[in-house]
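Have a look at the structure below, then the notes.
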Amino acid sequence: MKNSNTQNLRLGIFVILGITIFVLAVYFIGNRQNLFGDNSIIISVFKDVSGLQRGNNVRFAGVNVGTVKDIQIINDTSIAVSMRVDERTMNLIRKNSLATISSDGLVGSMVVNLLPGENNSGLAPPVKFGDTIASISKIATADMLTTLNTTNENAALLTADLLKITNSINKGEGTLGALIKDEEMAGNFKKSIEGLRQTTQNVSAMVNRINAIINEVSYKESVAGVLLSDTTAAKQIEGIITNLEISALQISNMTTNLEQVSYDIRKGEGTLDYLLNDPGAVDKLDATLENIAKATKKFDESMEALQHNILLRRYFEKQARIKQREEAKPDE
Amino acid sequence: MTRNFPMVANLSSFFTETGALARFAGRFFKELVSPPIEFREFLRQCYQMGNKSLLLVAVTGFILGLVFTLQSRPTLEEFGASSWIPNMISISIVREIGPVIIALICAGRIGSSIGAELGSMKVTEQIDAMEVSGTNPFKFLVVTRILAATLMLPLLILFGDFVALIGSAIVENVKGQVSFTLYFNQVFEALAFSDLLPATAKSFFFGFAIGLVGCFKGYNSSKGTAGVGRASNSAVVYTSMLLFIIDFIAVFLTDLIYG
Amino acid sequence: MKEENTYSSSHKGKPVIQIHNLQKQFGDQVVLNNFNLEMYENENLVLMGKSGSGKSVMIKCLIGLMEPDSGTIEVLGEDISKLDQTKMDELRAEIGFLFQGSALYDSMTVRENLEFPLRRHTKRMNIENTEELVLEALNNVGLAKTIDLMPEELSGGMQRRIALARALILKPRIILYDEPTTGLDPITAKEIIKLMMDIQKKYKTSSLIITHDVDCARVISDRMILLLEGTNYAEGTFKELSTSEDPKIQAFFK
């Protein structure tokens, strides 16, 4: 009997230990999913949830404050995501807060980031149970980057044209003579340079816009989640954009040089004589054009790098697919 | 006729055996709900299966966690994802590896001992003696054992999972300078109810399978010491096979529910 | 000594076991074929037969561990095929069974082994002090000191005596012995036989002894039945049968 009593005692300890492990596990897991604490619901409507799932984390200023409770498709462009958020953080989240969806690290699951809204009209009131807050999508940024890409392609084409013309100049007198005598040709040359300048301006504007975004990212943190959730990636992109900027600047400089040269050509015989007699001048023109080509190439490379950035890759791939599809359509 | 078709003979004996096992399970449920309950024997079996397997399960679990982490580290480090170790290890241990490995260990320990014990009781007429003594041996021996195995295995598996995670945490602590607090924070960050609950639910079935097959093989063991050996051996073999089948069904169902 | 109690119809008491036309076969193999047996109160009936002749099957049918294919078995006036589980258990409490290999529960101590048959009957039979009964049963077989040992710690002879104590603990009216001396050395076997006779005297039980041990049969039997080819081939006292001229009967005593 004594024997069986100690057995029962040990069995009891074992069973209670096992159940304790289970209950603790349930508690800790539930705690993470905010099932037990006081919590509230916030809703936000997205165009695209990028594979967000029930149970994914909701972050406010980088702190996990809740989980995704439910995802419902309302129609083809709006998906309602309801989030279970810790009651204690509810008074920190304002009604004009923005929700964005981003990836948690390199290969992580998706997270919903809650970003504070702009404070220009004073503090908005805190959210209440069941409130809907606005969402931002990363489509806007991606669009800009596509435009930038197109611009760059145009620049490349123009440079190629320019190079052709310069080659013609280099080929010999006849061509040069034709160039100089032929008003149309000269006009073309001018147009090309105009176009190049236009492109460069476009690039500049684009770079400025990207810069503005980056600044926002760095200082206001409001679009942080859109483009980049970690600083390394942000730095990387910033670097790429700086490169772009330098390239654009270089193109711009070259174009100015080229314009100068062509102006000189048109100015008169003296200049033409000078140009023809001075092989150095021809070389200079040549070098200038080569520089433009180089700068454009570099610009291209920068764009390429930007495309290869993991955070944006998916978007570009998608864009490429859409483009392909559009190109394929007319053939049908 | 079947002599010329050994496959047919095997197949038909397989179906016969499955049918007999199903009847045995049916009898278990019938006897389970009818009084009296052999409570003392049930507790004794719980002790025998639970406490006595604890050390084995703890050692196995610990080494499992340790080795698993050591083996996965280099690969994950190559991807620079060593911070994912707690995440990955905890999910795979809690969901799959912990329950299956520990159930297999228990099939070896509990299943074979039930098979051997009941087999030798059968052979030495102890089961008959019980019946003559006015005790339903099925109730006394089989119901208590199956019930004890069904209830003890989830506890053993939880315990094994826990020890495995401790083993894994130790590796991370030594090799990766991850504190225990951080490790377990990440573990609970990674785990969801959809990992823990189906795994726990299926471990009841694992326990049931171990008890059922062990008892079935032992209770129907043939005469002689060879019969006892066969009972104990085939209890382990059939249980292991059944465990994987149950696991497959469980994963399939979990996928249906949570997928 | 035994010879004084020679079998004759005038000594017959009430029948306690009656078996008629018992039939049992496993597959194609007929084990019992038209077997008949009657056993009376206070009688030591020895059933002799070669191994594999169906003795154990018969005794298992008798206690309800096996179902016969046909034939009737009446024990203490009850047809066992018509009893439900509860009635069967009550009847079994009146029957002690000494198994061939002792069949002690090897995961339990001697005390628990002896308490086991009491478990189901303590309420029904108003047994209050199981300890007393256990000690009495152990004293009957002279092994009171082994009470807290495990069966594996006992010798074969001691195990057999504990098994006997366990068969007797409910003070049954009938005791069935399945090969009580098998596997024991001759001296221990004699001790067991003596013990069986003492107990028979003390509790006035009827005993059915299955054996192929001629010495055992000579000492203990009031009457003998010889089992051959699944049927009761011959019946009589040890003296009558051992002096029979039938070669088939002679074969039993060689």
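In order of appearance the chains are A, B and C, and numbering begins at 1 in each one.
Assume a residue touches a chain if its C-beta (ideal position, glycine included) is under 8 Å from a C-beta of that chain, and two chains touch if they have at least 3 such contacts.
In this text the structure is predicted, and so the values were computed from the model without any measurement.
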Mutual neighbours - chains that touch chain A and chain B alike: none
Chain separated most widely from chain B, comparing mean CA positions: A
Geometric centre: closest chain by C-alpha means: B
Rounded Å distance, chain A centre to chain B centre (Cα mean): 52
Distance between chain centroids, defined by C-alpha means - chain B, chain C (Å): 42
Intercentroid distance (Cα basis), chain C paired with chain A, Å: 94
Per-residue overlap in chain C, given as positions that touch at least 2 other chains: none
Shared-contact residues (touching 2 or more other chains) in chain B: none
Chain C - residues contacting chain B, complex: 60, 63-65, 85, 89-90, 92-93, 95, 97, 99-107, 116-117, 119-121
Touching residues on chain B, where the partner in the complex is chain C: 117, 120-121, 124-126, 128-136
Residue ranges of chain B in contact with chain A within the complex: 40, 43-44, 46-47, 50-51, 54, 80-81, 84, 154-156, 158-159, 162, 188-189, 191-196, 200
Residues of chain A that touch chain B when the two form their complex: 4, 7-8, 10-11, 14-15, 17-19, 21-22, 25-26, 28-33, 55, 106-107
